[in-house]
Amino acid sequence: MSDVLAIDSLLSADELAVRERVRDFTEQRIRPGIAGWYEDGVFPLELAPELGELGVLGMHLKGYGCPGRSAVEYGLAALELEAGDSGIRTFVSVQGSLAMTAIHKWGSEEQKLQWLPRMAAGELIGCFALTEPTAGSDPGSMKTFARRDGTGDDAGWILDGAKRWIGLASVADVLVVWAMTDDGVHGFLVPAGTAGVTATPIGQKLSMRASIQCDVTFDGVRLGPEALLPAARGLRGPFSCLNEARYGIAWGAMGAARDSYQAALKYAQERLQFGRPLAGYQLTQEKLVNMLLEIQKGTLLALQLGRLKDAGKLRPEQISLGKLNNVREAITIAREARTILGGNGITLDYSPLRHAANLESVRTYEGTDEVHTLILGQHITGLAAFR
Amino acid sequence: MSDVLAIDSLLSADELAVRERVRDFTEQRIRPGIAGWYEDGVFPLELAPELGELGVLGMHLKGYGCPGRSAVEYGLAALELEAGDSGIRTFVSVQGSLAMTAIHKWGSEEQKLQWLPRMAAGELIGCFALTEPTAGSDPGSMKTFARRDGTGDDAGWILDGAKRWIGLASVADVLVVWAMTDDGVHGFLVPAGTAGVTATPIGQKLSMRASIQCDVTFDGVRLGPEALLPAARGLRGPFSCLNEARYGIAWGAMGAARDSYQAALKYAQERLQFGRPLAGYQLTQEKLVNMLLEIQKGTLLALQLGRLKDAGKLRPEQISLGKLNNVREAITIAREARTILGGNGITLDYSPLRHAANLESVRTYEGTDEVHTLILGQHITGLAAFR
Amino acid sequence: MSDVLAIDSLLSADELAVRERVRDFTEQRIRPGIAGWYEDGVFPLELAPELGELGVLGMHLKGYGCPGRSAVEYGLAALELEAGDSGIRTFVSVQGSLAMTAIHKWGSEEQKLQWLPRMAAGELIGCFALTEPTAGSDPGSMKTFARRDGTGDDAGWILDGAKRWIGLASVADVLVVWAMTDDGVHGFLVPAGTAGVTATPIGQKLSMRASIQCDVTFDGVRLGPEALLPAARGLRGPFSCLNEARYGIAWGAMGAARDSYQAALKYAQERLQFGRPLAGYQLTQEKLVNMLLEIQKGTLLALQLGRLKDAGKLRPEQISLGKLNNVREAITIAREARTILGGNGITLDYSPLRHAANLESVRTYEGTDEVHTLILGQHITGLAAFR
Amino acid sequence: MSDVLAIDSLLSADELAVRERVRDFTEQRIRPGIAGWYEDGVFPLELAPELGELGVLGMHLKGYGCPGRSAVEYGLAALELEAGDSGIRTFVSVQGSLAMTAIHKWGSEEQKLQWLPRMAAGELIGCFALTEPTAGSDPGSMKTFARRDGTGDDAGWILDGAKRWIGLASVADVLVVWAMTDDGVHGFLVPAGTAGVTATPIGQKLSMRASIQCDVTFDGVRLGPEALLPAARGLRGPFSCLNEARYGIAWGAMGAARDSYQAALKYAQERLQFGRPLAGYQLTQEKLVNMLLEIQKGTLLALQLGRLKDAGKLRPEQISLGKLNNVREAITIAREARTILGGNGITLDYSPLRHAANLESVRTYEGTDEVHTLILGQHITGLAAFR
């Protein structure tokens, strides 16, 4: 009852099969443990190799041991994983859309061979250090700096600065770090354990508790010349990765929304009030219908993005539209689903309030509503209104 | 700048051509006159044969002189016409989706030959008399009654009752009238001028002023046996026509929305405030972006309905979803567009407030928000909450 | 059933008496004729002396034949008049809060004696010409200019320029005109019929059709020195009048809202659907409750403004808050009320859609939502974001 | 900057003094510890005697050692406490508005003397066991049953059943338990430790983590005749207490809202983006203004309830209106405040997301939005739509 518009009929057998496989994984490996992980504030690191085996790490990348699936398939996987928990989908995004994509797109052949196969397998974990403490929505004001260490071809780098909200940093094997240099923004691969790197998980979170975000500091970190991602220059480097991640988010958010809807629907059908199921009351039906309606529209939108991406035609403003809409609607849906659950809805026995809390993070990272609104505003009016 | 999602890329060359042709018609034949017609409360009857020539009357019907176009093509035409005015699109819906569809679907061969070719040409006008004064959302409580007049095969009928909100009735050449009989609901073809039939346009309207809706009374109207639509029995007869009309509305509403958006965007780009175009301010961009976003989603939704319809798979609850969403969003968009126009937005020089006013009618006819919400509510919960 | 919070208990006997008197006037003199005036686009000029007799013209002004009532009493009167029609309340605002206030506050003794008593009686009509065609929300960019005509004490003025959206200008006996001079903005009293003054009613309106707004042009208009309002200098002059008008609007809008609510409630109680009154359905009750709730809050807010005004403590940002909130909520309420009326709600037989249409004007004049939002934004943040 | 409407000017010196005292308490005793208590899921029991000393336990009750303050003073205290945390305010509500009010209103002289003074001092803790696992919004279907144990005057009771969402039950010294009997609903005072009583805190909560809610079971609990609250009969007993609590909630919610607003305003003023404070952008100002506006309206509304209560005229539907509106708006405000805080807003370093999460509980207990909507709907239409 959650595919009123027969959107499934637009999917190929292969796509449906991928979805089914990931959906099963979510049911069997995420749903049973998520309440505990969330309560305890623990990221289930043991899932990493299983997700690798499932084929969702660097899912859309080709070669170097990566699954090489289509954008739509990647989107469907993101949706099903986020039906489990945004934190798990975030891990997959950070690993695949951010860290692996950065290496795949901007790395040397050597770097790709070194990292990608084992990252695709979930044996190694990557993270993506772009955001800084004082500039969430303005990467251009980046203060982390890499200065040359020596001269000539074998000159290395000395890295200083601080990053914040860096997903998975404390458990990562490799950090993709973006830093200003005398020659503009560049990316670096920093192996975990390099002297001067400190990653501290941010605690006391009210969102994405089954995930890890860190404060990371770089204090005179010495890097060899091979640390540089040779092909990335300027903000286009990290931005192209952000667009990959945002694409996945537009799909993923619909997963959290659908799971919230289904939890509310099930509860409403089972819970009696004044002798009738909650689902039989007009006020409840109004909520359910409006939720489902937005899920359907958001899913059509995500699918259109996916088809464009697979055709090589997806543009940044289209991704902005998808991220803005789908996360915003998902959070509204999750909150509304919570109200149907009554008091029981405030516990981890039910998913909607957890999803709503998670989506606060999702709404913020990779561009807030305001950032995407103004990106689109500039696109349609030709006038920038950021400042 | 109104196709951010590249929805046009989903349309065939034929579909694009139909759209272009109807769009031209709207620009040349509707836009120049609409302010005057609206102010004066006049339906431009002279457009009927032109619309026939354009090929949009009974557009999706096959044979009997009808254009035989696809559901998607019909939808695109509805969208472009309603970008002109909901009243004109309503005429096309009443003529094609309601009156002609009723005859095409439930009429005898003789009835079809008699009426359809000249209706498709716009030479004859039809109307569809279902709604009654005291039962807008509940056709089951119909009071108009047709009793047998005589016995045997040549027994006719005597029709008594009243209908309300009957589009085009005062200018129609033929009325499709739904009435209760001893044998359940039946449809009748009543030629204009039949004794006892009175159609009075409803005046002092604040919506759809370039259209006609009538009170119609039937006072001992004698009909021959040939008046009966032989194949229609029960409410399934009129309901199947309503679904045709609702389908067109889901598309049409997006036309009113798009036209409102474009009017607001153009104004915002040209109008200076504090020396900068309105379109350069954050508060204006936020409005424009949210409008466009819903237009894109609603158009994707309409297209999905169209593809399902052309595949013979469109179901009533899907149409409900489309009608509910697209009209509701269109009215929000038109209202928001008005605010961008400032004081100038309250005149007929600009379309958004006219569209917003029109959509009040569109929102109500063929099922209010509440009716479609509860249809969908029943579909997803399995529980009826109408009463 | 529209005073759930017992707000009446906060009103004095005098206040209740004023309200009752104006409410009676509305029932007997506005309600019976409003549909016709609105349809025909006619302002009922004959009401002017009756409103004078009712004591609502320049109601809060003291001396010079003015009623000298309290701010709360004026507010209650505005509310009851706008329950009839925003256009009638607008006349009272233009006459009393704008034109008469300008003369009362900034005029010479002679000017006051000449104009105020007969304006209070409704024998003479005033208007207030501030807004210009290209600068609705930015009076500082005013282009209408008055240059000195001659030198010395008896030097007059020559006035050139254009104004737009000037209420009542075509029927006014005197125009209060604000113009730039070499010495900043000044106000002038321009008697109707002065050579070079042209006032043309704006036609084809979709809002406030029972009211008049004009384009006014000044083409080399020669004025004597006595035309100058001696005490007004700079934009503080017209702005102080705008604040008076905005105060009245905050009250008035609640009148349109209450009348819409009451119309919808009555209809919902009388209209049966599936054999039960509409008012007995959850979806209808939800609408009615949310309407009433906002009416109650808006009325409390207006009353607080009134008490502050009577205490001499009302500040511009407080008025902005009241105007912003109360008009915005009123328009939402009127629109929602319309939906309860079904198809019948689109005719002038019922007030909500007329109120909703009127409020489009009210929302725009005397400061749009955006203007008041940014006034308040500056107040609370200390930072101007207008540009 | 959070009292734009000068609501403070409506408060007496005594009222302002109470507010100041409680505000100080919140700053010094709640704010410093709340993040830790919330993260750890701990209710700071040590605050109970301090709250007693502050004079906020049973604050509005007279005699028996209770503070005997006015309803407005109690409301102001609730607001300031909830600016700290809804969980702390909830303790005060459960203790004073529910448990102590039940004893004060329906208890014997002996019961009052036994419990009230030490409860007012915060030395003993009470709870209020009404809600059952399967009937949150329908106390009439209560299944907990008390049957007579013996006959004659000294016959006691045997209590069986289960309650859920019972605040403070696991730390309470006395439980006010509502149970069905052969003679309708009655209330009982059950001392902690009575055999057969089990109170289990509900874990894994995403809301009100610095508070306690329990599942409570009664398994053949034997009570003496003195356990009965003699004066309470029927649902009017518990309902009168619920109304007391709802009254306090209407005030309290505005505290959570104001604190969220202030946190967002402060952050927006300090946080730079593109070199300008966030607070200087239109999109941020729009959010702040709309938050403040609703806080002002909600506070005016709460004050009106308080004045009516102190005048002995407060009616249940008025309380429903206040609870419905103020909690609904507060949650919207807290959520919006969170978005201004960016990523930082998901940690316990900032209050808005904690408030938003807490308010999910507050929105549900003591009547959901739907329950209060339908109470008000019945009041204004005369028709019940609950079933």
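Chains here go by letter, A, B, C and D, matching the order in which they are written, and residues are numbered from 1 within each.
As a convention for this text, a residue touches a chain if its C-beta (ideal position, glycine included) is under 8 Å from a C-beta of that chain, and two chains touch if they have at least 3 such contacts.
Chain by chain, the UniProt names read as follows: A, B, C, D = glutaryl-CoA dehydrogenase (ETF).
Note that the structure is predicted; figures quoted are calculated from it, not measured.
A.B. asks: With chain centres defined as mean CA positions, report which chain is farthest from subunit C.
C.D. replies: A
A.B. asks: If you tally contacting C-beta pairs, which pair wins, B-C or C-D?
C.D. replies: It is C-D, judged by the count of C-beta pairs in contact.
A.B. asks: Determine the centre-to-centre distance between subunit B and subunit C, using the mean Cα coordinates as centres, and give it in whole Å.
C.D. replies: About 38 Å separates the centre of subunit B from that of subunit C.
A.B. asks: Can you compute the centre-to-centre distance for subunit C and subunit D, using the mean CA position of each chain? Integer Å is fine.
C.D. replies: Measuring from centre to centre gives 43 Å for this pair.
A.B. asks: What are the residue numbers in subunit C that touch two or more other chains?
C.D. replies: Expected reply: 281-283, 286, 373.
A.B. asks: Provide the residue numbers of subunit C that touch subunit B in the complex, in ascending order.
C.D. replies: Result: residues 35, 38-39, 131, 134-138, 141, 164-165, 202-208, 213, 271-276, 281, 283, 335, 338-339, 342-343, 345-349, 353-354, 357, 360-361, 363-365, 368-370, 373, 386-387 of subunit C touch subunit B.
A.B. asks: If we count contacts the way the header does, which residues on subunit B are in touch with subunit A in the complex?
C.D. replies: It comes out as residues 1, 4-7, 9-10, 265, 268-269, 277, 279-282, 285-286, 288-290, 292-293, 296-298, 300-301, 304-305, 308, 313, 317-318, 321, 324-325, 373-374, 376-385.
A.B. asks: Quick one: in the complex, what on subunit A touches subunit C?
C.D. replies: 281-283, 286
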